[in-house]
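Shared between the two complexes below is chain A, which has chain B as its partner in the first and chain C in the second.
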Partner chain A sequence: MTTLEAKTATDTGRFQGWWSSHGWTAGVWVLMFVLIAWYAALIPKFGAFQVNSIVKNSLPLVMLAIGQAVIVIGGGIDLGIGAMMVLANSAAAVLMDGRPFGVTLVIAVGVVVALAVANGVVGWIISVSRVPDIVVTLATGFIYGGLALLILPGPGGSTSEGMRYIFTGSAGGVGSNFVPPVLVVTVVTVVVAWYLRRTRPGLSIYASGSDLNAAYLSGVNTHRTKIRSYAMGGGLAGLAGLAVLALTNVGDPRFAVGSAATLQSVAAIVIGGIALTGGVGSVVGVVAAAIIVFFLDLLLVAVGFDSNTAQVVQGALIVAVMMVGGLLEVRRRRLE
Partner chain B sequence: MTALDTRPPEEAPETRRSLSEMFQRRPLLMMGAIWIVLILVTGLIQPNYLSFGGMRNMVLIAAPLGIMAGAQTILMLTGGIDLSVGMIATAAAYVAAFQANGTVAILVGLGVAAVIGFVNGVGVGVFKVNPLIMTLAMSAILVGTLTYLAQNVFRGSADPAGIITTIGAGSIFGNRLPWSAILWAAIAAGIIYMLRRTGFGRLLYASGDNPVAVRLSGVRLWQVHILAYTLAGVLAGIAGILLLGRLGAADLSLAANDLLPSVAAAVIGGTSIFGGVGTYSGTIMGALILSVIQSLLGFLQTGQAVQNIVYGAIVLGLAWLYARTTRGTGS
Partner chain C sequence: MEQVPLLEARGIAKSFGAVVALRSADLVVMPGEVHALLGANGAGKSTLVKILSGVFPADSGSVQVNGVEARIGSPVDAMASGLATVFQDPALIPDLTIEQNFRLTDVDLDVVRGWLDQMEVENIDFGRLVKGMPLETLRLLDLARALAHDPQLLLLDEITAALPADHAEKVFDVMDKLTAMGRSVLFITHRLAEVLRVCDRATVLRDGRKVAEVEPKAKGEAALLEAMVGKEVKAEYQDPEQRVVPADAPVALEAIDLHSRGKVNGASLSVRAGEILGIAALEGQGQDRLFELLSGDRQPESGEILVHGEPMRARSPFDAIARGVVSVPADRLHALLPQRSVRENLTVPLYNRVRHWFGLARNEKERAASAVDRLDIDTRAQSQVRRLSGGNQQKVVLGRWLASGFNTLLCFDPTRGIDIQTKRQIYDLLRELADQGNAIVLYTSELPEIPLVCDRVLVLYNGEVVHSQDAYSATEEKLLSAAHGLAGAS
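So, the complex of A and B:
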């Protein structure tokens, strides 16, 4: 794979080399802007308010998808990540209810760290037990979902105005100041992308996901790497839960919320160019893909579908994108 | 830990070693032992459970789950998975619930399930979509479609036809032998025969074990995949109709909670999620164990939250135990 890319790079110039490794990411970003432009043309007025609305509402999915991406790049998959988001949302809503901003900030950090540790333990279990990731995380998803219900039996709780400002750009959750949510997305994306591409422990996540044995034989501590990727996924799911709380100002422990979020996170990373086999893809593309997955609903409703049909079309589009990808892959293999 | 592993085997107590060796060679025996222990524990909490009525309840819970897990086993053997079994079962049950005639209802329900499975198979087999994505997306499509149908087409009462209620909840021989148990036994015999004795069954194993070798030996893998996913769809549909009969009404969350158990039953029973390894008899054992656990948690009256936590923990523990036992003590 890499030798092939290197060859094309020397043969037909730099652009093609760049295109073959970053083309998908660039394509997803272009697609996102095209869709937003289409939406802007459909509705009467498109301004800062709409930008704020798109960014803040897609924030939970973006965080969750980045978390899923880190885990999948490391060669795993987490089917309990949505339940983790629900747990973070419920726990934070109960703990933050009626507290001042400073206290809620400490709680927020605590929730993120606690989930990172908890999911690190999940990574440890996977690595030690050698039970497949899918099975372990389906089971831990049940545990997380149960814990959320235990902490918060029905919708309730709230958060401080300051927390709401950080994730939504306004104390009341509705406004047109899009700087804070954009800042949150940018900071998280840049930090995670930099960590994965530019640091030793981050690169070892790519290495173990791409070929576990080769990574192990070349001195990567694959056990610790697994724990690290799952812990990062847990922390990001925690951030997603906080973002949901900031958006809605309420904790919602329902199981279905979690499973829907898990599905969307997997859809987002696949559209974003992450291979489910591990070791391939960039979190930068995932951000745009997550916004597309969230935004598609909005767009389809704006075009005139009702929300159920929109869900059907969304699922069909995801399959269609994957089918095109699959066909291209088949054709590429035939040509070789 | 290492000191323990490098100890010469003679030092280990003779009986204990032979027992662990026996379990290692025949993990089904270990699962059977766990199953019996669980039944006895449940009997301690609720003495009524150790009766014909209790066993009948266990089978009524286990039959739809076991059939759904059969679909999962077949697909996991090929290296795939179906995360839409719950929604396929719901779709079949939902469509069947609104037909007045029992036979028509069953045929329509199974037809819908087969078509959905076929589409999954085309996506996975022809277009090479990852099974996880294909079936998750199919699940989302079905949720949307069914919600739409529930609001616009299927209105009014959803009383299933008499024959469906009989198959799902009725029994013969003085209320002792449930119809669903007979149906499950027949399906189980069919699946076991298919996996062991037919060319298609062997191809399922082979295509999960080494797809490249299978393709190079002239097999059209896409046909195997389409057939396997269609079959899985039909099995999920049968499970859905049994559930409909047992619960007496169709709603959109009919089989939503059976997805994890269907995967877990296959895994606990020794089917590898990477394909090529597993048996349906193991899956049956897994389904029986899970149905006892469900009853046990119900009797404890702990509420949904604790039930979910304990259930997840037990599934995880059993999968871990199975992996440990079969991996062997040396490595």
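So, the complex of A and C:
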């Protein structure tokens, strides 16, 4: 009798433990599916074409938000991440223009690695100089944005059909094969989530963001960890830039594109359950949140808002979701 | 045959800006011994431990492990040299599970489990988040992790504080096992009874220097206390005068059976108008929390705070201040607006009155000027408070309450790191305030000051008031032995 009670008690404890660490992630995914179902009910026809459209169009933001999430989990924030995406997009468009698939693939890898290295240097600067992340990345954002315009002064360039297929599911960028983009999201998410949660260097990122001092005392190289999280953010911003290029088949160096993307990436991680103070949250939730941020606009227009009003409503909804998160946290503290 | 010491630290010095934490500390730990590191508050114990565990580097001095010069630049280096530390605040990451925490530091989970079994810590779900787990469990987990690194020397910083007695016994058992294996333990504690019981030798620090190496079991408690207090110190202080607070003076502030999350465990006190009540305690005995409760910064879980006989029920310091209970916190810069002028800092509390929202109080200048005069604040750098010396900053904090008025003043270690002349001025001021009918509660880490300034003194131990007496006759020895939780101190 007593053993049974004890067992039930630990089971409840387990469930509460699961709920407290994964509940938000689960909730964001449910919200995403509810919104998509609502949208499906509103439009005349909902099928593979629409699924493809949602996934491929939100892909850049999803990649960017995962990158931002890694950096924020590690205790930083990157205001230059959108500019990095623009730089990757512009550089790849110029380099890939008119080249066969094999060459563009090598260029793609090169762009991702180059941005990872560049942003690793940014992490190094932050760690060595102890200048706040927000200040350093604001400045590097201008550098990245400027470089993009140097490389490509106006819209131009293109990519190969193979690259377009990888990120959009069709050589022309329009179609209903949603398998390739879904695969890209899944592989990236699983790899990043596994790395962060199951490996020592990945756990160090959580540890540094959660309690820098305790992490240092436990023997974590906090300096290298910072570099690592920024490098990952850079690489993912590179992927986001490639996704934009595949989607539009053109390089777009406009600065405003980058700044809007940065803000959306922050909105996505906050909705996705990443604490801006670091160390808390899962990239799995961020994926759904990024899709929501992209998709909300579409949905609001489908419901009948004009796109300017839709923007106001979108902002208000983001505030509301964040307030729910904040109030839950306040309640939790009270109970403790 | 001469034995090579396991650890030999020589001439370790460390300063933080102008504050000297360690002047020249020596420490020799032999293989197979439990060695105590003792000293009063501010003697430099924690600084020495942090240097040995690689938290920050020493300014000078050398550390040898097994006769070989060790360079300890980070916690990783310390572990590589065979030194593992369990800090007072467990170095576990709150947002990771226990298992992830262990994986982070690359220890063998089975070895950790083995040590936990030995300590009879069972039923630990390794999948649980560290956040929200009780402190004593975390301490033992941290200890098991340190043991799993298989250290030559285990440094235990106040590990038995807040551990229940049966768990402390387990820790002692583990220490026995280690020493039987030829490993050593450096044991830092405020509990002298434990030192007498488990430690083979003890190094005593005072004022950043090693002053004695004692065998506690042979010499006994008195020798330890004497070494910690030192004799020459007393000469610096004048003889205290005896003061009597009239018994019919009204009680200004009373706390009844306060509890707060295991930090304050049933503390009661009362202070009369015109009285200076001293609080003495070693570090970490709940004094910080007690002052937070009294100043309205936190609400007690149970117990009551009465102001002039009526419940205070403060939800924030604002409410407490409105009832005349004001506070001078330990960190002066917490209380000040460092980039604003002296005058603005002095008059901040006045802004609470609505009619002052629309401009300066008519008499703001006069109030500020009179406070500056009274306190003898050096105003050469008055445009920004952060440029003032520590003593002058403290005077500004006090002066702020002079300008706005109060009836109970809570002072938390107001003279830490302040020169002797300014100290005197602050004490004279406190006395003057008390003579005007204000009540003052003063915590100070400098025990010899208590008989000079206070009328009565309470000693806090583990969140409880364990001792109370006239400040006049409170010698440092008496206070220290009460503060170490030794029975029969009175």
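In this text, the second predicted complex is superposed on the first by the 317 of 336 C-alpha atoms of A that agree within 3 Å, B and C clash if a C-alpha of one lies under 4 Å from a C-alpha of the other, contacts with A are read in each partner's own complex, and residues count from 1 in each chain.
Methods note: contacts are C-beta pairs under 8 Å (C-beta built on N, C-alpha and C of every residue); 3 or more make two chains touch, one makes a residue touch a chain.
All values derive from a computational prediction rather than experimental measurement.
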{"item": "Chain C versus chain B, contacts on chain A by residue", "value": "B"}
{"item": "Partner chain(s) touched by A:316 [first = chain B, second = chain C, both, neither]", "value": "first"}
{"item": "Contacts of A:110 with chain B and chain C, given as first, second, both or neither", "value": "neither"}
{"item": "Touching partner for A:175 - first (chain B), second (chain C), both, neither", "value": "neither"}
{"item": "Touched partner set for A:279, first chain B, second chain C, both or neither", "value": "second"}
{"item": "Contacts of A:134 with chain B and chain C, given as first, second, both or neither", "value": "first"}
{"item": "Partner chain in contact with A:156 - chain B first, chain C second, else both or neither", "value": "neither"}
{"item": "Residues of chain C defined as touching chain A within the complex", "value": "53, 55, 74-76, 79, 85, 87, 89-96, 100-101, 103-106, 125, 127-129, 132"}
{"item": "Residues of chain B defined as touching chain A within the complex", "value": "81, 123, 127-130, 132-134, 136-141, 143-145, 147-148, 151, 256, 260, 263-264, 267, 272-274, 304-313, 315-316, 319-320, 323-324, 327"}
{"item": "Parts of chain A lying in touch with chain B, wherever the complex brings them together", "value": "77, 125, 129-132, 134-136, 138-143, 145-150, 153, 255-256, 263, 266-267, 270, 276, 306, 308-312, 314-316, 318-319, 322-323, 326-327, 329-330"}
{"item": "Residues of chain A that touch chain C when the two form their complex", "value": "10, 13-14, 17, 20-21, 197, 200, 203-204, 206-207, 209-211, 213-221, 279-280, 336"}
